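Two complexes follow with chain A in common, the first pairing it with chain B and the second with chain C.
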Partner chain A sequence: MKKNNYIFKITMYLLIFLLISPLVILVIWSFVRIWPWPNLLPRDYGLRGFKHVLDPSTKSLRVLFLSVGLSSLVTLCTLLISIPAAKALGVYEFRGKGFFKMLILAPIIVPPVAVAMGIHIAFIKLGLANTFLGVVFVHLVPCIPYAVRILTNVFEIIGESMEMQARVLGASPLQTFIKITLPLMAPGLLSAGSLVFIVSLSQYFLTFLIGGGRIITLPMLMFPYIQSGDRMMASTYSIIFIVTALIMLLIMERIVRNYYKEQNYFYI
Partner chain B sequence: MLKKFKPYVMLAPVMFIILGIFTMGLALGFFQSLGYFPAVGLKEFTLRYYKEVLTDIGFLDSLKFTLYTSFVSSTLALIIGVLLAYSIFQSKSRKGVLYTIYKLPVIVPHSIAALLVFNVLTQSGILARVLFYLGIISEQTQFPSLIFDQNGIGIIISYLWKGIPFIAMTVYTVLSNINDKLTDAALNLGANRRQVFWKILLPLLMPSILSSYIIIFAFSFGAFEIPYLLGPTSPKLLPVKAYIEYINPDLSHRPYSMVINMVLASYSLILVWFYSKTFKLFSKFDEIS
Partner chain C sequence: MYKIELKNISKVFENKRVLKGINLIVNEGEMLSLLGPSGCGKTTTLKIIAGLFSPDCGDILFNGKSIVNIPVEKRGAVIVFQDYLLFPHMTVEENIAFGLKMAKIKKPKRRVKVREMIDLVKLDGCEKKYPSELSGGQKQRVAIARALAIEPKVLLLDEPFSNLDTRLRESMRIFVCDIQKKLGITTILVTHDKEEALLTSHRVAVILDGEIKQIGTPAEVYEKPSSPLVADFFGEKNYLEGEIIKGFFVCKMGKFKTGFDKYPRVMAMIRPEEIELTDSEEGSGFWGRILSKQYAGDKIYYKLSANDIQLKCMANSKNMFEANQRVWLKIDFEKTIFFKAEKS
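Moving on to the complex of A and B:
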């Protein structure tokens, strides 16, 4: 028994080390000035990468804000339209439910490459190609399945009985939604929102094709540096990407938690 | 009567996007793959492009290479991910940073995963430097090229880096929700730990393992970023090949790229079907437990 535990611990630490150490190397690379072969550690450190990104004349900061704004908007839209859909799938029984569920989940599995190239021509005709709005629309496709999947689980658990009680006691549908449904689903909303935000922020191909080079997001700035093997700049952008994502997740958690606190009297 | 339509009304906004962009995109791609592309004057339906693409040796090589990288990467991710989840589960002290830090790769996009592998595995990467330091190699060129290679090592390792934590997370969640009484009862009745794993835990985990396996399999089959950044010039992975046909200035090449897309899509639709089957299996298990 003891010996077994030992093996599991070693396996665990080894695997976690293998997963995390590349990230440590990424952090080191973003602060490198000179790191010649075959040195194990950089010869000199510097902040050239970060200076480049934070320099107002390189528009990197604008791209950063645009990316965060775009993904926030996508997250908001996705949640807004996914809540009613998830409630329908989680609470009600109706004809064709299985079919709808499968169709909504399909974009997780069907390659976005195929969808984007197919829809591109229609977007051009509708004037949506190369526009911010067009990119928001096309980002909704990979985001919806995740949101609906998580929120459907939430609605399956919370059901409709609490809402019914509020309605019977005279609350309006809007009051019921804000005071009952929303606090009940807050944790689910948080995890759906976080996931959707990350999915949207990570998109490269969809933004690149539908945005047509006009709408530039963080992954698009990063790509050429990775391709040309400029490890320092690529690593700097990656660190900025990861830190931005983490900050946004923290903010979302704060918002939901504050909301929870205000509404906490419901649980007493 | 109104009540009957309520669910459909609630589904309408989501379906507007799914049908309007997702389904429509696939349908438009399908028409173009059949040679119907009025924008450049192609108006006749034909199977010519399918015939040409499906018998092209370059395409078949790409198809084989794509199947190989996605199969190897997702299968390895599955095995190692389950192993990681089980070893975290077994080492009793489950709190602390180390036990959540493994989830970090889940929020890192695939393009960054490609960069990480690039940093480690190129001939001037960290691994080569460590080997040099240990005296195993004496110059850069002795390190095998693991990036842009014909064996897809760089691609496979990037997908592993993303896939292992994803599988481990899913499996660990299910694992920690399985009632301890089941394992205790089995242990009491004289089963050893290995038997408990193979006969109790694994069958209970199977549905979620299978559905997350299908997700990463399908993803690595159709994703663009990693093969575009780390793949060899030949054979190209299918999504990259489709894109290269797509950006060809000669628009009459479009149908070829759409045929490749249809191959990608139909393959994954088969996987969606599997996916829904495993969900049915899952609900069956729920009834039993």
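Moving on to the complex of A and C:
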């Protein structure tokens, strides 16, 4: 027992170290002007990165807000679409269920890049190319599989019995959904929502293709710097990216917690 | 309160016929037990009555009116499920108030009703607790209070006592029976516990394999089972094959007076407690040998063999017999139940 405990702790610290150390280097890099090879520490520091981001003329902050808005909207739409699909897959029995479960994962198994051209042509015909709405739609492609997968498991666990109980006590289907189903699946919504938000926030290629350069998101600002080897700027944007994601996750958690009271009944 | 009628209700799940034409009448204010082994379709029957499943064919009437097309929430039949299903994100109070809220009852009235229910099920002090903080018995009382709060016309109890220990089960059973009598709610109690069914209800319906095999008062069902299947459900039985000839039952053991003729080929059903053991020949009966003995305090279970037939016997512990002892099995065949023998 005790030995297990040590192994557990060592593994945990190792993992934390592995996760933290790149971040530390990232933070250092974002303030570094010159860090020539054999030196252990950088030679010269500067604030060019953060100044650039905060400077209104670069529009970095506007892009940041657009990115967050876009990804929030994508998250919301994804969850709205995924809940009914996940309920069908998790609770109901029908023929070909296994097949549909596989099929819904297809966009993750087949890289969206592979079908992006087709989508692009279709969107041009529909007038969705180069629009905000088009980008939202195309982000749903890689997002929905994750959300459906997570929520299916959630529905498999909560099942239908609580809903049945609510119905016999006089609740209509809609009331049952709002008062019983949603609160019960809150933890699942939280994890699905966070994952989807990050998947959407990190999309580069799909945004680039469908947005046609009109819709600029955070990764699109970041990419040129990574490519050209400007590590200071790239690190700065990376940090902004990470902090944004973390803040959004905290906000989501707060909303869910507050909405369904702070009782942590579902973690028991 | 409603009178419930089920007419030829059938239900098929994935090519499996779970209910095969259930016909059942539950009178207004009656407490009826639905007794049957696991998987025979008891829960399915309740769900069909409540409207959670729709029957494949047949009709359900409440007070003579068909309710098959009325949605669940408007039927006025509440199920208390086996595993209570308290809403984990609501306190005891909120759980009990849930049905009232759905019925759009105003807050002051709701509060009075919840208070009343909490007093009724003796849960003072638990109002603000969450279900995860309650014991099994408390959870069950909350579930019952929640169901009773909306004053249902029909109460459907699905093995509500099966998760409780013996003592708690007994007190909950008495408690629920009292409430049922007081409020006069038409109630169906599903159970696979024969004693529970016999103790609590006005009538018992035995359901086996998706069909109602017998329905009657507890005494009728126990004393006069309609078939060996029903009889076996109320405890292990001994069966003796034989013939009835001119008022006598003739079998391997001998010839015994029955006083009536029925079918020529019969099976005599002898309950373990109907065999009396003595060490000398006395009354109608036959000799046997004790194979084994199991001591259970107030009673003793014997396994006997007579004429190569094994018999089970339950006796009180006044006079004990030892294994291998020769004993006289005294049986009153004039009170024995005879079934028509199945051709095998």
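The rule is simple: the second predicted complex is superposed on the first by the 234 of 268 C-alpha atoms of A that agree within 3 Å, B and C clash if a C-alpha of one lies under 4 Å from a C-alpha of the other, contacts with A are read in each partner's own complex, and residues count from 1 in each chain.
Criterion: a contact is a pair of C-beta atoms (placed from the backbone, for glycine too) under 8 Å apart; a residue touches a chain by one contact, two chains touch by 3 or more.
Everything numeric in this text was worked out from a predicted model, so none of it was measured.
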Chain B versus chain C as contact partner of A:109, first or second or both or neither: first
Partner chain in contact with A:204 - chain B first, chain C second, else both or neither: first
Chain B versus chain C as contact partner of A:245, first or second or both or neither: first
Superposition-derived comparison: chain B or chain C, residues of chain A touched: B
Which of chain B and chain C A:27 touches, first, second, both or neither: neither
First (chain B), second (chain C), both or neither touched by A:19: first
Touched partner set for A:164, first chain B, second chain C, both or neither: second
Chain B versus chain C as contact partner of A:87, first or second or both or neither: first
Chain B versus chain C as contact partner of A:175, first or second or both or neither: second
Complex contacts: residues of chain A adjacent to chain C: 93, 161-162, 164-172, 175, 179-180, 183-184, 260-261, 263, 265-266, 268
Chain A to chain B touching residues, read off their complex: 1, 4-5, 8-9, 11-13, 15-16, 19-20, 22-23, 25-26, 29, 37-40, 80-82, 84-85, 87-89, 92, 94, 97-98, 100-119, 121-122, 137-138, 140-141, 144, 148, 198, 201-202, 204-205, 219, 222-223, 226-227, 229, 231, 234-235, 238, 241-242, 245-246, 249
For the chain B and chain A complex, residues of the former touching the latter: 4, 6-8, 10-11, 13-15, 17-18, 21-30, 32, 39, 80, 83-84, 86-88, 90-92, 98, 101-102, 104-105, 107-112, 114-120, 122, 124, 126, 128-130, 132-133, 140, 161, 164-165, 193, 214-215, 218-219, 221-225, 229, 239, 242-243, 246, 257-258, 261-262, 264-265, 268-269, 271-272, 275-276
Of all residues in chain C, those that touch chain A in their complex: 14, 47, 50-52, 71-74, 77-79, 81, 83, 85, 87-89, 98-99, 102-103, 130, 132, 146-147, 150
